[in-house]
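Please read the structure below before turning to the comments.
The chains carry the letters A, B, C and D, assigned in the order they are written, with residues numbered from 1 in each.
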């Protein structure tokens, strides 16, 4: 790219003020102009301008006639944009100046009065908060939807036994319902974080003007209320330079993405030939351009991978903000791409995950068979020794370790060992021990609060519906 | 390092179970053993064990006599550690096994009953939550302390005029008090995020055991309550594999570090020869090994730089967690270093920042003189045109731009222009305009809510004391 | 979004193979389809297909007639795309299937033979390497261009004295030319890293097929050579699953972005009202919508901020790659956005930086005046004491510290002190000392290799031209 | 922590210069003092001081007698540190002042002459480059060691058939030797990056002094040569403010950590109950405190997790460096922890990985049996159709898809289908097709360059030995 200066559309002077003679170079335009990104804020920008205008009228700062003209013009512009008839000009840099410039065409001089007692600095902060607030509401709905799908599956599989893993090694049998409810908890915390973020961002920057407030007798509470904010931001310098809401959003988004990546990883594992626990619906499987037999879990892999994009966006904004002096700096313009891209990515990932889980079919026979592998009821055996023989747990742990070694040596499962063999290790063991060595008994016995027993899972399903879906 | 196997302390077998014959290699020890890091959790580990023990007794799972022995032994161990008399063994891997092993020495067989119905997986999750809860409380106190220092300075400088910058260019005069209160808002939000994190983490994992709950008739509510938790975690798989609390903590820590970096950057700027707004106390300045005249703001630079460490820690844990299947995996052991290091870093940074701000002296004359530079009252002039001549803001903006150009051409400030000159640009301008061109008038006039006017700042100081320090 | 299944364009079956019955859901399409991103690889994809086709013909795997048809068809498609006449179908997922499908329309059955002995896995790896190789060449050119601008400015300002800062405090006078050449070194290292990355990536994956190589008698050296690669990748599993080249590119991009951010920070400082060292051209300045007097260095701030985007992209890809088992996984599709966006960002930033530096004007009077502030020649004084009075440096450092203290107390600069005053601190000092206290003498004296003396700078300019621009 | 000022050890004045009256506060010490971290650089610091001293003598800047005293003193200090007899003082801030202060005790006044024509700024940059150069050499050796282990295993398993996965779905049979060699390629590129980093960092900052060079007639080439550098850094400002070498190191370290994480992930999968491909030696397995049967691959999980730490360290330093103006700032002190911790982490991870791979035993029967699952020779069938029936690949792909569907419907593998069944889909198929449907035939046939055929793998083993281990 070369740095020659371009012809500019009329109106461009507005933005650059009377003090800059030469037009910006093409390069300056290329790096500076944000309309391609921030036009997504059009509805919020118009809503905020309407609230500001109504306030200016009520405070007597502009006339009712000018106010009416402005409000009418803004409505027209809103419709033009929604209908795709609005012509965005790069020479007008951003959404704010595009709207104001069109307003001047529509209503003439009155348009020039709208920017009284405000600045693009407080405008854009207001717009982005409004946009993010809606995004958080949408995300909450999507998360609730995913929780509903998981809860339904959990209910259907409250009694489905599968291997519970630690270190991806068979640890103890668990129920699939219990496993799925773990994700319901995670997504529940994500919703909590989103709600906290929403509450904290719901302060209105409008009226902070460029950085210092204004000498016009504005009523910031009125505009805040009109836009659904809880009140105005308390400090004007902070109002225009703060991007905490965006950083906090990206922080919670990263944790959510991590949760999605964990579930996605499990789907990839469960659908693998080695596990064969589950099968995705055709609608969420892909084939191969060379291997005709493939059923690939691409959507799960993509959900897992997109964690990178979200964590990257978080890092990006933190780097942008690091070391910025007050108040507004143009660096802050770099807040939008990470926020917008993250919202898009998560919206898609949440919907895809709900679709995948909803259509996934489980091979419950295979899962149950595998649940018994890896001596997975060894803990049950140790606990039996504690309970029935009053053995200290540490001793029981050692005895069980020897029994596992014996079984492995003989190529048997634990409940395949003869009582004689067991007694050769610990003579107190009786026939009754076999009652705890089956996987069904194992899961049923773990009925402490929060445990995997089917009855507990059913209670947890019902509690989760109450906590999360009503 | 080579991979030969080492002699092991007695008791090591406990950890490795009966199934592993060979001892771990030195390398395995070097990568696996966590006692150097997690011994910091000793107080929490003992508190959790005591709560667990008391519950086991009340539920009749272990005898009162055993319970008393265990509780007494744990108290002894707690004292030994605090007094520096406790001998940590690397062969016992972590804090949990070190404590249990010593307990066996002290109380014999009863010690072996403590691990009934629990696992290191729920133990460590409990310990870390307890530790982080205390850390969040300490951080809240440190943040309040920093806010107090800032609020006091803000009160003292409610009327001190300085240049307000956007893009580091003089924009409009502001008051130093107003500027400092912007940081009080930021740190206030940090405290809000910390409180939300604390509330959300305050669920007790104890009783989740390895991953699936337990068949012993435990009372999870009792242990949760004894440890000050709001209740037990609802899902055992989630309880042992969740590290949301650590990720959420690091997320809020990163935002806090960004805030500190912004203030640190300003201190570096203000103390520079170019700005000369402020001077750090000798106690927070450093010299040079080669340049004898230096007074370097090293502490501010280090606070700014340590943002990197905190953002790095956040990234580190997110990477660890990405794509981990349930339930516990050893990867989770990598949660502690980022959390501990971040807490240390922020504790130090917050204290250093409070010390710096508290001892900083401002050159108010220089600040006021600079406040008038850069045509900083141009907005006041434009607003005057709007208010007095009923000019639309856009026109006023253009007229003012021309006046600034004229002043610059003549090498004058705005209030150095003759009325004649002004009228040559806009004939409606009157002598009264000079009333808004001084920096004192400028800041006094910006008295909208959240604005920079000294009176507003005093109100804001008093409101901030009420919101944050009572 | 809801998960209903869409009607699909003909040809879609090709991708999904014969084993998937139902069409993918809209959601699956939304998350899976990559054509919007990877169509940027069209030229590389066609070039690679042509090389592959020519090889298949020469090896007798397909007929010459089929080969000719395919080559002709590919040329046609290339032109269609360049002319904007090509219709991309989302139902065909990616650039590879879009091209192949159109090829079938153009040349019929022969098209079906092109995919012999290859897979999309090796295709996309080849395409991306080709694309990145060109990008690295373009980046090298842009870096050389920026170096040229800096070297020219450095030559013009070889003798321009300015304050040299450490900790942003006046340390010692330096020359502006010397300062600018520091960046020439940085960008020189960036070019070195880019060259190393280019060399390392220049291995051809083509022929690795899906993951395991092929049973067709292909000649991988022939295709590698035709595409300008140094040879074929040595291991087929590695060839399709390796994204080192992308990670290495993002790594060097992050360092380059850091360099740009440092220069951008200095431009922001230098153009500030506090420093007033420099002024950007109008073409690279912006105004304000509310403050008519502003000349904002937005481009510099944006270059500084975009570091975040690049560091974020690096983090994103590292997260994607972490923990992926071999061979190809769909996660790898997430390599493109970070690479493409980073290349765009840097291309723009480099051009904008060259434009800014080129048009920047320096206030050399102001810079020189400030160079003498802050007792900046104290080191010269200490060195004089060492040289002339044979004082150990540590003693000289202490003596100078006292002289600085004395001067500060009296409100004088070092060369403003009377000889008497100096002698009251160290009686050996003579009139000759004043010869080293001026800033011109100071910079001229620092003529060690790599030092700031104007003569050294001129030599360095000439050496830099030789090293970097020929 | 409170901010009171502490009593200081004698000598502390040296560092702070004559201009700071009050002692630093404890807090200032806590945040500023780096000796706990940088004492690791003691050998490098002494080596650099010796080189500097020898040069000062040869240039006549200090006397031979002083030079001899200094060199002798430095040797003494080196021995004291190695023997653990050296007393480090926090009041002396860092390794440089600790050494110099002790030198003064040992040799008196001469010690004060060592700091002539240098500064801590160029000293620390030199020390860290020397340290990192050695670290890169050690890392190269560790990488070569890991490659050797992998190559040996690859040779032993050149003919061991296992499933090759894409998307973790069975794709095509491969050989284990081929799979392991993919990692040899990755680690080979890591070594290449390390070598490039080493070459680029091998420039000597010594003599840049604080930032501007020096007026003493030093010989920078002499010191550079004495320390094994290729030459002196070309620009003094760059020399003291550049940390490219550290960022480049962390960048390549992150890619290496990603490679290790991929292999670690595969080890976790292979050792899982679902895969059962491999078993770690007891020396690299761990047990469970509650589940006596466990053999956990903790070391592999930790290697995988530690990727987070390395990526975090990279992010940390990039954040530190972003936006720093020239020349030295105290922020740069934050370069050491990420570099040191990363070097430690990788050293440990590489050794642990070599130990794990070396002792890992494979269940080749299980691997081969699984290699035939998932219709993994479908591509062989399609290729047969192309070769023998001259079918375009696209048609062959479709036909094979139908055959896979048929086999799945009948619960058969592909080679379990009757010829009749096959002919019902494609009548041209003959008995000869069964020759390509076995997994041994499949791998043997993929003998293109870089392919998985055992013969190719043996050639690749031998080529790898030549490329990487000689």
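Everything that follows uses one rule, which is that a residue touches a chain if its C-beta (ideal position, glycine included) is under 8 Å from a C-beta of that chain, and two chains touch if they have at least 3 such contacts.
This is a predicted model, so every value here is computed, not measured.
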(message) Using the contact definition given at the top, which chains are in touch with both subunit A and subunit D?
(response) B, C
(message) For subunit A versus subunit C, which are copies of one sequence, does the interface use mostly the same residue numbers on each side, meaning over half shared, or is it different?
(response) same
(message) As a quick test, compute the distance in whole Å between the mean CA positions of subunit B and subunit D.
(response) 31
(message) From the mean C-alpha coordinate of subunit A to that of subunit B, what's the distance rounded to whole Å?
(response) 23
(request) Specify, in ascending order, the residues of subunit D that touch 2 or more different other chains. (result) 14, 17-19, 115, 121, 165-168, 171-172, 209-210, 269, 287-296, 298, 301, 304, 307-308, 311, 314-315, 318-319, 322-323, 329-330, 379, 397-398, 400-401, 404
(request) Treating touching as the only link between chains, describe the layout with one word: line, ring, star, complete or other. (result) complete
(message) Under the definition above, what is the set of subunit B residues touching subunit C in their complex?
(response) 163, 165-172, 268-269, 271-275, 287-298, 301, 315, 318-319, 322-323, 370, 373-376, 378-379, 382, 397-398, 400-401, 403-404
(request) Would you tell me which residues of subunit A are touching subunit B in their complex? (result) 13-14, 17-19, 100, 104, 109-117, 121, 164-168, 171-174, 178-179, 181-186, 189, 192-193, 196, 200, 207-218, 220-221, 232-242, 244, 247-248, 251-252, 254-255, 258, 261-262, 264-266, 269, 304, 307-308, 311, 314-315, 318-319, 321-330, 379-380, 383, 386-387, 392-395, 397-402, 404-405, 408, 436, 443, 445-453, 456, 460, 463-464
(message) Under the definition above, what is the set of subunit A residues touching subunit C in their complex?
(response) 1, 3, 5, 14-25, 27-28, 30-32, 96-97, 115, 118-121, 209-210, 281-296, 298-299, 301-309, 311-320, 329-334, 337-338, 347-349, 351-352, 354-355, 358-359
